[in-house]
Each structure stands twice: as structure tokens, then as C-alpha cells.
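Heads up, there are several structures right after this.
Shared chain: subunit A. Partners: subunit B in the first complex, subunit C in the second.
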Partner chain A sequence: MSNVASNHFDVIIAGAGVAGLTSAAAAASRGLRVALVSSGPGTFVFGAGCVEIQNMNSKTPSLAEAIAFFCKLTDLAGCGFYGAIDEHRYIPTILGSFQAVSLAPFYMWNGDPSASNEVAVVGIKGLSSFNSQFIAERLATHASDLGQSAAYVAKEIALSVEPGAIPGTLRFGHRYDREPRFREELRNALKPIASNVDLIALPGILGLKSGRKEIEWLERELGCMICEIPTLPPSIPGLRLFNRLEVHLRKIGVEFFLGFPIQQLLIKEGRCKGVLLETPGRPQKITSETLILATGQFSGKLLPTPSFSFTTDLRPVDSTGAVIADNIFAAGAILQNTPAHAGNAIAILTGYVCGMAAAGVGAQYAQGSQG
Partner chain B sequence: MRKDRKDEVSLDNCLKCTDCNTACPVVTAHPAYPGPKRLGPELERMRREGIECDTEWVEYCLGCHRCDLACPNQVNVSELIARAKAAHKKTPVRRLRDFWLARPGLLGKLNTIVPEVTNFSLGLKPVRKLMSMFMKITPERKFPAYTKPDLRTPNVVAMNKGERVVFFPGCFIQYNQPELGRRVLELLELNGFQPEVASTGCCGVPSLANGNSEEAYKRATANVNSMMEAVNSGARIVTACSSCGHMLKTGFAHLLEDDPDLATKAAKIAANTYDLAELLVAQQDAGKFNTRFAPATATLKLAYHAPCHQKSQGIGRPWYHLLRQVPGVEIEDLNAGCCGMSGTFGFKEEKYPVSMEVGGELFAAISATAPQAVVTECATCQMQIEHGTGFKAVHPAIVLLNAYATDAKQYSFTADTSGKPKDDNMPSCA
Partner chain C sequence: MERTQVVIIGGGATGAGILWDLSLRQIPAVLLEQKDLANGATGRCHGLLHSGGRYAVKDAEAAKECLEENKIIKHIAPHCVEATGGLFVKCHQDDPKFFDQWFDSCKHIGISTKRLSADEALELEPNLPPDIVGAFTCPDAHVDVFQLTLSNIESAVARGAKFKTYCQVNAIDIDHGKVKGVRYRDTLTGEQDYISCDMVINAAGGWAEKVAQMAGVEVPVRCDKGTLLVLNHRLSSRVINRCRKPGDADILVPAGPVCILGTSSITVPGPEGLTVSPEEIQYLLRLGTELVPALAEARVLRSFSGVRPLYAPKSVSGAGGREISRGFALLDHESIENVKGFVSIVGGKLTTYRLMAKAVCDLVSKKLGVHEPCSTHEVLLRPRRDKAAFQTALLLLARPVAEKAERRLGANLVKIVKAIKERPELAEVVCECEQVTRAELEYVLGDETLIPAKTITDVGRRTRLGFGPCQGTFCGYRAMLAGFQMQRWSAAEACAQFEQYLDERWKGQSWINQGKQVEQLYLSRDLFGVSYNFHEEEGR
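Right, the complex of A and B next:
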């Protein structure tokens, strides 16, 4: 990272979802000066960032490397993911079903029914969006469908509610971050339940900023495993993942322009010189050697051509097959013709490959190699 | 009252995703605060239907714009809350107090007639007690000291001819920190500019924040008219206060959009307004930034706090990067959220606890970093940081100017690192 104030970067990444954040980390890990621009904070408010690799061939080039990179990245950020390409775990959802994943953050990983015999699904009095009775019953059924014998019981705890406050996951999450007394209260409420079970599944409330230290403290104190279940938006575990990654990326030198959509790509003679951001007063111009588009499925409007496919090194091409700009790469859900349901695996893989490509490391993404 | 705005923010853009609530500092600090989703788009819908929906909570919006930046769908949440604020009915005591808080320019003029008397009176316990009783202004904080407003355009003869720029000082520099203003001018000269001081008044941010859009409209109109000559002649406008900068870049255009002539002028002002550090980075990218720094004599450990109205300008972190180039400076970006002061908000008795609770995360980050000084470009962030932590807080321009090998008076960073709250709230620039 050069020690110079400038609006010129080695690489600009558009998009702050899993693909954008992974490519920013990959590029920064190779010493590039990175700008990450985004019109909003990805879709973390809706989910938890778990990774499925089921629709992909595990031999896909660079996949293992990319997954290892992502696990290392999240670990450094304090929200480490567990799992591997060939692993399949089932983690509980708020609807009482199981979601199949290959990787999940440590605070959800233990939800797999094979990992425990006795599970308590713990609701919080007044928290309307989490029905522990309903979830426990359904999980028991689904676990037995999966051939697992884990028993699920529903429990409810009462937590103090501040005057005027309505119990909500956002409020509990903030309190977990800010109030040691709240963490102790939660521990004390869960303690009697913990002595009878191996796993406590509770709504995602364990802080928007907390890391391994703060969450593992609770597990240690209770002497049993914990699995958070993300609730209706805002999903506290998802926001936590974003917040932790943002803090980490800032530390390794990534410059964030969050909240400012790209107005225009500055493409001239087959090269992208930079972007114009929609900023107050006048568009802010930032320039770079490389641009990585990781803007998701819904915002493909930036490129001069409405729909596109891409080369093996992930450069978008127009309808005639010509590369739109030789220094634009695309990552994540913006890539069409990819299995859209390869939940986040494509994002990690292509984000990583693009970030490395920006650094001149020729990792290749082989098209059509999905299983 | 002005008629409804034409360029409507589409309320349908609000998908109720709650991203705005997760970014709101007041939601973090106050358990009962309904949050920007409710106070912005939801109340706006009701107001349009003519449904009675006034609530005192709108007064608690800090105007930090973090909700706007968090919205993935570009809903202008804080603008909608500002409308709710403007429609809000206040109690008579608050109306009187907020009348004055909305007019720092007028206060500045009155208080600097004999600044010594003002400062003496504002420091008296009985006076503060009366202000608390009758004006609901918290006695917990000290008022910033007023100084004779003597900031003038430097003598042109003594300067190199450079690009003409017009410095918009704003109230705090005008009436409390004219010395900082002189340092800004010096910094501009050292970097090849020919600066002059704009004859402008308050930018209008405090008026908007206190729900007084008529007053803000007046301020915007006066400021726009007084800067048009300079902008038309090709001069750029420079701000050193992030809130003034934010207002010049966005607020004027919003306020004046119903008058085609003024709207055109406001857009032109906005397009030509630069934050001081933004301008210096542009100068660096053009190869014209002055890097003739004096060699480091000691390490200066600093912590940088980005004010909300700096973040909302979308210019990155120019001060943080500029100061990293200074020999001997070690600077850490605190990245610990909003300070909670929000200009006049933190002075209001009923809002003081919220203000301090919001700042809690920042205070903790500063104490953990234990810098020799905190740097931040917003004067009220500086006040809050010193009040909440006891650490010295200064404008980054002072650090940069200090770094040059000039005859300029050196600022001494005699920081109080005890971490205990301290009485002296003023970063004296002498």
C-alpha cells in the first residue's frame, strides 16, 4: 500500500457483497491499492453469508484455493468460516427447516443435527419473529428425515426490556455489543437450559460487531455449543459478517466509498480509466488500472451492452464476442450463465480470481466446469 | 411555506429492508428511538395522506446522513426526516431555544461584540443554571470561547500569484477559531493557491437541524448570491468545516430547488465546492502538492475521526491519507462511528445523555489508542471528543501546516492523555 494520498488506485471494485469483499481482500493481499465502491451494503441484512458448493464440481480450477483464502480471510476478520468443498452440513433456519451448506461462520456451524443429541431452541419473550415451539417441532421432523436422532425442545427466556423499547434483534444485538451487563443477563438466562442440552439454537442477536472472542465467551460460560439462527431482516449474523470484513479490509488498506452508486464507467478505446461516483455536488472521479464489477444480479446497467457473457479470465464480452474493455473483470452474481444457486461459492471463486487477476496473478476461472 | 418539492424521492424505493436502522447512531444509543425507517419514509407516507403523525422523536435525528449512505436503494431518508422536523410542533421553551441554536451566525455577531464579557458570562455557574432552567441548555458542557472575528483575506501583495480560491469559513472559524482560518489560508498559499475569505454567513446546517427551514432558506440564498461572482470567474470554493462543506454541496440545491434561478446558482456553487483536503489531494494528483516537509524531530501519534458530514461527501479519507505522508506522523483511523455531538444537538439538555451514549464507542476507541491528539475536521466533533475523553482534538490542517518548514507559529500538541474529562473544550490554535 503506497503512502500517498490520491484518487488513483490499482483496482476499483464495484459492489460490497461477498464477491466484492473477497476480490478486495485478494487484491489487497497482493499489495494493491484498492478502492471498494458500493451503492449499499450488499445483501447481508437478509442472510448470513453461508456457502453452498453443491452445484459445483469440487475440481473446478482455483475453487479450493479461493475457499481456503475466504476461510483465512474470515478468520482474520474474527468471523471465521468452517467447512470445506466436499463437506455438507445442515444448519437450522427460522422456518424450522435445514439449509444445506458447505461452509458457515463458526456461530452457525454447530447447528448440524449430527453434532448433538439434545438441542434447545430458545426464543425470547416478546420477540415476535422467532417462534421456538414451531421451529423445534419442525426441526425434529426434518432431523429425523435426515436420519438424525437429535431431540429438539422449545424454551423461552425473558430478558429485561428497556423502557419504551420493543424487543427486536437489532436492539438485542446492539446491547450485546455495548453492555457487559446484558451479556451477563443473557448468560444467566441461558444457564439453566444449557445444563441439559449440547446445543442452544437462539435467534441471531450476538452482536453486530462482536467477533470470536465475544461469542465464544458465551459458549465457554454456558459449557455448551451455540448456534445462531438468522431472523427476519435485519439479520444480525449477516451484518456482523459485513462489519467484521469491512473493519479488516480497512486495516489492510482498502479504501471504502460506501453509499455512492457508480454513475458512469469511463471507458475509452477498450480500456476503463475509472469511474464517476454519484456524490454530493459533483461526480467524484476515481481512476484505476483495473475495474472489477461485482454489482450483483440486479444492476448490470453499467456496461455499455445490455447483456453479456465473459471470457475464461472473467472479462465481459459484448454480443459480437469482443471484450468490452481489456481491464474490466466481473465477479459474483453479475455473471450470467452461471448456476445462480451455487450460493456464494461462485461469488468467492470469481471474486478471488478477479482480485488475483488485477494483481497480475493468472488464476483462471474455467467456464462450464460446474457439475 | 414553499410548495412541495418537485424532484420527489420515490417512496416506493423504500423496501423496508432496515439497512438504515442498522446504520443509525441514535438507534444504537436510545432503546425507544423508532429509527430512520419509521421517521423518514413511513411518516412521509402518512403526511402525504394528511394523517396526523407528528412525533417528538424527529427532534432526535442527528442529521448524520448515515441512513442515506446505508440505503441500498438510494432513498433520501434523512431528507424525509428533515421534512418531518420542519413540520414538527415544538413546546414554547424549545421553540425559543432552537430559535437561537438555529442562528449561530447571529449569536456569533452578538457574542463577539465584547467577546471577553461573553466568555466570562458563559463560564459562570449561575448563568449556566439559568440557561438550563429557561433555555434547556445543558450545564454539563462548556461553551466554546468566542474570539474577535478578524479573519481577513491575506494581503495580496505579499503573496505569489496562484489559482484564485474562495475560502468559506463558516461560523465556528469566523467567531470561535479565526486563528484556524488563518492557518487554512496559509496552507492554501503554501500549495500554490491565492486564497480569499468569502463574505458569507452561516451555511444553514444548524437551522435545518433545528427544524427551521425558512431560516436555512434565507442563509442559502444569501450565501449563494454572495459567492456567484467568484464561481462565475472560475474560482473554486474551499471549506474546512465538513458540515459547511456538506451543506454547500447538497443542502443549498435541496433548499432552493423551487426557484429556477437560485437552483441553477446553487448547483454551480455545489459543483465548485471542495473540502480543503479534497482540494489538496487533487493538487497532489496534479503533481502540485507541496511536500517540502521539515524532517521529523519526534514521532507524533495521532488518531483520526472522520466526521459524519465528511463521510457523506463521498471523497474518501483525504486528511487521513495526507497526514500519513507527514514525516514522523503515525495516524490511525478510528472508524468508530458518530461522535454524537451533531452541532447544537449535544447542547440540548434533554438530548445530552443520548449525545454522550452515541459517542461511547468513539470515546472507547480513542482511549484504547491513547494518541497524542485526535484529529478531526469538524469543530463540534472536536468539542465532543475533548468533553468525552479529555484527549486533545485539533483540525488536521494544523498538523499539516506544522509539518512544513515555515516560519509559521508551531502548534504544540500538549495533549492531556490522562483520559479524564477535562474542562477546557476549546482546541486553542495559538
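Right, the complex of A and C next:
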């Protein structure tokens, strides 16, 4: 092979959501040369990517395997998810309610009201879209509805802000990544609160790139658990998950083509040769043996037929039931109108199955995998 | 027990206009509105200040009224009007006879108009179809219906009048054939109350029939539903009318940063529980696209429906919505049914709200023996702008933010300027689409304003917060927190407020089944409906 990377891949994955990223990891883990193309990160970055497996049959083929793969993947990426198929945890939201999840990243996992007795919800002066008083009051009500006795108090800390800047989660997140002094300032501000509680719930600001080491440092220094609450977008925990997975996938050889929408799928005689990317100047063509379409709920227009559906082995078919291209697989929200709380579970499952199918270990995974 | 001379039922433009007119004649009055101001037909129309062109051919009388009122409103409420001007466009498939007839009628009525060639019209409005035959100009304009209603109320309150929102009338007390008072319920607190009065004016629009029944009289109202679509850009700079016999989806009104296409015309049983089908939206878009092809690519933000409360006495009950006169009827129930002190005003349209108010108030004055003539055609609805406050605002806020705030607040701009000076963090823009500052949000939620907002939707009607593409997903949450911080709502109440607000915003978007707005709606639902387990019944 020459040193100049060619534009031909074993598999192209279209879409950088939970499904696309999982399938990229699965395909790469089987030694495939993978290209991941996307106009931008998937919609999970607006939240935190938590996974709810309620309403899914836990015996669904490959589900346990896919979930284990995803937990391992996130762990290697430094943003490990905890949980299991049949687990139910409750994590706090900015509405002061509890979201039921089966899997959540470690920096949110401790928010469950059964995990602590004394919780401080900590707001930051000037961060106007996060009101600790409001959240603490609501969480107390909801925790007691759940039969939990955790007590919630509201606190506020002040953090230094550059002159003229308006405090925002994005700015705090960047500073947490870049400035050791900011991390120390945050620690010092939280320290007096930490001595009286066993959990601090704070708005998601602990870095856009930070991993387990950087976040656990703060927990260790404070001597209490931390749980981030994702704010209105931009949500730092969501962006962090994307960034960490991207770095990890690049490390294991996945090539990213980010920021360019797909102009066209190159489908000819029942086979997809590759995609045309809308790059500046002229479209860039990249080709592959297999294409995994994980472009989300609103991306049906990419397929050449106005109406389409998917077979149980995740292939797109037209209205007559004929396979549109025999080397296209589909994963994630494009498959169906899934409600969001089952969305990520299906994305992990189908993403994993498609990635494996691309590596030729498809059949036994793909059968009946849609749950 | 509260005592006044006149109770007005209905807080639309007409009711508000009546309150203002009475206050100028120094007649004490209280207005009762079951929800928020401008919640009915007033807040659910195009916001078109008619020049009369629309009615020129069919109803010269109505056209003349519109023309006259168009001039008056531009004079008394310049802050509510954007004098966009309008075009009547002739498409190639339209009847050429109507075009000439229209021109002759306008000339006869006195509507100033100029004939434009197709090229001239396209130069002014490049989004028109390239194959139009020609167009006429007219003095149509956009009027901010919320501001207009609020300004009438605000001016009246400044002169001692009173109003109560979220107060639903449940009985009209009549003794020996004479009105004695009105019983009502505060729907937010559940408390019952009574106002004693000499006269009751029924200005309840679509609810007028129901109100009349409380007084034991009949006021036949035909509710004619009109559905409108809000598009996320101004696709035209002028009001675009199709120059043909009035029909569906043939008016496009630029309204602030958006434009509004409408309407349909469907008879419905009553003013509540209106629904829209995706087919109706497709139908409106298809027709609208004939007039402005760019609509096909435009993003529909939401749809909304209102009812035209048309006066429909039995003699014309067979006619469809557009056949019934758009004129109004003033019913003196003393002379008709011998109920003394009860008057109804029904029908009409937004453009003639002031004229309707004048007609009612002339009658009421006469009955009360007041000789003060109407002066609403000459008294400005609010003092001219406060230039010094605006100059200071420019130092504190970006120009577009300051300009929008000034347009909405007028002389009250000085209050938010003062607040920002004291607490600079109030300069934060909480609604990016409509450029609403935290200072303005706190002002409309606070006690200093004459017309406090009681719900997040009220905040929208005061400030336009949540009217842009995010449809309240971000700014609505911020408004909820503001209400909580200001102790207007407890945490639980704030949550309930937000839930109610989002439901209403989602409803307006849910009928739209295509394009970017669907993604926006899903984002909103993902954020609050599911991820955050917003609705308690979906689990906790």
C-alpha cells in the first residue's frame, strides 16, 4: 500500500450519532478500514446520550452483546457508561424531574436518589438558565414520590468570568479543559459545600474533552460524588461524549470526514459504490464495499426512492419490497419513528449489528435484530 | 362589593377599544376577559390592517370603513403598525374582468392605487411568480394585534379604567328586566366575585352567543374557522393579495421577522377545540405557492386557527362563511328584547375595531346621559417615544434589541433602561429570535407593568418571546425560571406553567409534517417530553 491513503474503504458509515459511532467502532474492531462521514455530530449531543432499554425485550438477539460492546467502547474512550439491560436508574434533569435510564455515563450515574442522603444542587452565579433552587425543590418532591429520602439543598457558587463575558456552559467547559487554575477555582468553591453532602449535582460544565481522569480528580479532591445535569443546549456532557468517542475512533483507525453533508449516494445496478460529499469547490467522491446509513430520522431523502422501508436484516427496500442496494445497511433512527427513550438502545443495537455485518459476520446478528 | 358603571365582556381588540373609548368619555368601566387579552380572534388573525381593497368589489361600504380606519389607526397607533403597503396581484389564470372591476371600485371608493406592470411588480417583490400579468398597489399594512390591544388597555387603565384577565363571567344578574351586575370566577384562583353595574357590553366575539344566553337573549353567531401558517422569513416586503374574488390562502402578510399566509374558511360549531389537519396545511401551501412560489421551500413554523365571529341572523343562515357580511352589528337588547342595560357588538373585523367600539360607546353614552363625543380617532394611544431613554438604551443594548424593545414598550422603555443600569446582567437576550432581554421579561412578569403577564403564553403576547423558530423550547424555559425567581410561581407551578406552554407550542407545530420545523419539534420533545420526563404520566 502507498503512503497516500486512497479514498476507497471497506465501509463508509454515514452519520455520527450513537448508531454511526457504534457501527464505526464495531467495524474497526474487526479490522475493517472505516470512513465516517457526517455533516456534524448526532442529535445526542443536545442531551447526554443516556440509554433507556425499557419496553425492549431483553432477549432480543445481540442486544446484550451490543450493550456490552458499547459500555466497553465508552470506557476505552474515557467516558464509560454504567448500567445493564435490566437496570433502572433515575438521573436528575434541569426540570427537576428524574429520567429513568438503563445506561448512563459515569459522570451522571450517581444522580440516582437512592445513592445518597444529602445532595447539594449547585448553581453558578450568572449562569441564568440553571436555577439550583428550582431544581432542588422539584428533585426533593420527585425523590419522595419515588420513596427515597434523599434531601436536596440549593447552593450557589461564584466563578471568575473574563471581563465582559456572559457566563455560559460552553465557556466554563472550555476553561475546565484548558486552565488548571479554573479547575482549582471550581474545586475551592465547591469544597465548603462538599463537606456537608455526599453528592454534588451541578450543571454540565466539566470539560468538552475531559475524560475519567479529569473528572474523577475533582471527585477525589472534594471527597464526595459528583453528578452533572445536562443544561439547555449546548450540553457539555453530550459534546464531551462525541469528542471522546471521536478521539478514540481516530486512534483505532477510523477516518473522519466531518462537516460535509452527503450530496448523493452512488447507487448503480443495485449496488452502492460510495458517496459524493458536498466539499467546497467540487464534490469529493469516496467509495467503499459497504455503506451503513445512520443518518437519523430525517434523512430518508438520500435514498433514491420516495418511499422505502427496511427488512429485518436492516436493508432498505423500495415500495415493491425490492432491495435498493444489496450492500447498504441502515442503523438508528432512520429505521423507524422511535420515541427518543428507546432510540439510543436501538441505535446501539443496530449500529453494532451493521458494523459486524459489514465485516462479514452479519447473518447471525442481523436476524430479527430490530427488537 | 365592587361597583362600576359599565362591564365589558371580552378582551379582544373590540373590548379593549371600548374600554379606551369609555375612559375618554369618563365613564367608569371594568373589562372582564376569560383568558388573556387578545386570546380569541384578535390574536389569531393575519394582523392585516385592511386598506379596503379586499372588499372593494363586493362590499363598498365595508371597504370605505376599512379605508377610513386604516388611516386613523396609522395615526393613533403608529407603534403598532408597519406601513408595508400592499399589492393586489393578477396571476395569469385569474379572471381579467375582476382586475378592471377592482381598479374601478377602488377609484370610486377613494383607495389610492397605482397600476404596475409585471416587471415593476417583480422589481418590488421578486418572490412573485415570474408569469404574473400585473399588479395594483394599495395602502394595506401590518398591525401588531397584541400591541394594539395592550395599548388600548394600557391607555384606558392610565385614565382609571379597570380590567381583569382570566376572569370568566358565569352569570349576568338581571332584575325586573334590568342589568344589575355580573358574577365571575377567577380561573387562576377559583374565587367567585361580583361586580355591580348599570350596563353590560357583550364584546365576546366567538363567545358572544354564550354570553347573550346568560342575559336570556339570542345573538346568533356563525363561527367561521380560518387557519393560518407562520413562515420563518419575510417572503415579501408588502402585503400580497391575490386580485380575484376573495378565496382561501390568498393573502400573505409580512409580520415582523416572519410572514403569515392565510386563510381557510370553514364553518365550525364553536370558537374552542379547533383542530387543523395536515391536509388543510398542504391545501393552504399549495394555493399560497401559486401566489408566492418561494413558499414551497419555506419553513413553516407553526399553524394556528381562529374563528371569525360572523353575525348570522336567521334570514342569511344558509349562506357560507364568506357570503355573510364582514360588517358588524350593534344590538340594543333594550329595544329588541326589552332587557335594559345589555348591548351586544358582533361581527366586524380587526381593522374596524375602533369604529365598532365607537358605535357601542355612542349608544351606551346616550343611555347613560353622557354627552361627551367620541375622540378615539384623534387621541394617540400612547405618548410619543422617549428619545432620551432610547439613546441610553443604545449604549446598553445592541441596536436591533433596543429598537425592538422600544417598539414594544414605547415610553416604558425607560423602565428597562433603568433596570439594566442597576443590574447589568438584565441585558442578557433571553429570546434570540425576537431579541427579548431579561429586563423586558422581568418587566412584563413584574408588578410595575399595568398589564402583568400571568402565564408564559401571556409573556409571548406581550413580548413575542417564543414566536421564532425554537417556538419557546429555549426561551420558554428561561421565562419559566424567571417567573420562579421572581416568586410569581412556586417550583411546582412553574413546571405546570411550562408544561402547559409547551403543549400549546407543540400543538401549533404538530400539524406540520415536513421540513426543518419537524426536526425542531423533535428536538423540543426530546429535550423536555422524553429525555427529561416532562409529563409526569410518562413515568418519573
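For the reader, a short list of remarks on this structure follows.
Everything below uses one rule, namely that the second predicted complex is superposed on the first by the 350 of 371 C-alpha atoms of A that agree within 3 Å, B and C clash if a C-alpha of one lies under 4 Å from a C-alpha of the other, contacts with A are read in each partner's own complex, and residues count from 1 in each chain.
Keep this in mind: a contact is a pair of C-beta atoms (placed from the backbone, for glycine too) under 8 Å apart; a residue touches a chain by one contact, two chains touch by 3 or more.
All values reported here derive from a predicted model rather than from experimental measurement.
Touch criterion met: A:Asn7 reaches subunit B, while subunit C stays clear of it.
Of the two partner chains placed around the shared chain by superposition, subunit B is the only one that A:Phe257 touches, whereas subunit C remains out of contact. Judged by the touch definition given at the top, the superposed model places A:Gln297 against subunit C, while subunit B stays out of reach. Contacts of A:Val361 after superposition: neither subunit B nor subunit C is touched. Shared-chain residue A:Ala158: touches no atom of subunit B or subunit C. When the shared chain is aligned, no partner comes close enough to touch A:Ala68: not subunit B, not subunit C.
With both structures placed on the common chain, the touch criterion links A:Val45 to subunit B but leaves subunit C unconnected.
When subunit B and subunit C are set side by side, the one touching more residues of subunit A is B.
Across the two superposed structures, the residue set of subunit A contacted by subunit B and also by subunit C is 46, 233. For subunit B in complex with subunit A, the touching residues are 17-19, 21-22, 27-28, 31-32, 68-74, 246, 248-250, 270-273, 277, 280-282, 284-285, 312-318, 321-322, 324-325, 333, 335, 360-361. Looking at the complex, you find that subunit A touches subunit B at residues 3-8, 35, 39-42, 45-46, 161-165, 170-171, 174, 178, 208, 233-234, 239, 247, 250, 255, 257-261, 277-282, 284, 286. Interface residues of subunit A, counted against subunit C in their complex, comprise 43, 46-47, 50, 90, 93-100, 126, 128-129, 131, 133-134, 137-138, 141-142, 145-146, 166, 232-233, 297-298, 339-341.
For subunit C in complex with subunit A, the residues that touch the partner chain are 425, 428, 430, 438, 474, 477-478, 481, 484-485, 490-492, 494-495, 498, 518-519, 522-523, 525-534, 536, 539-540.
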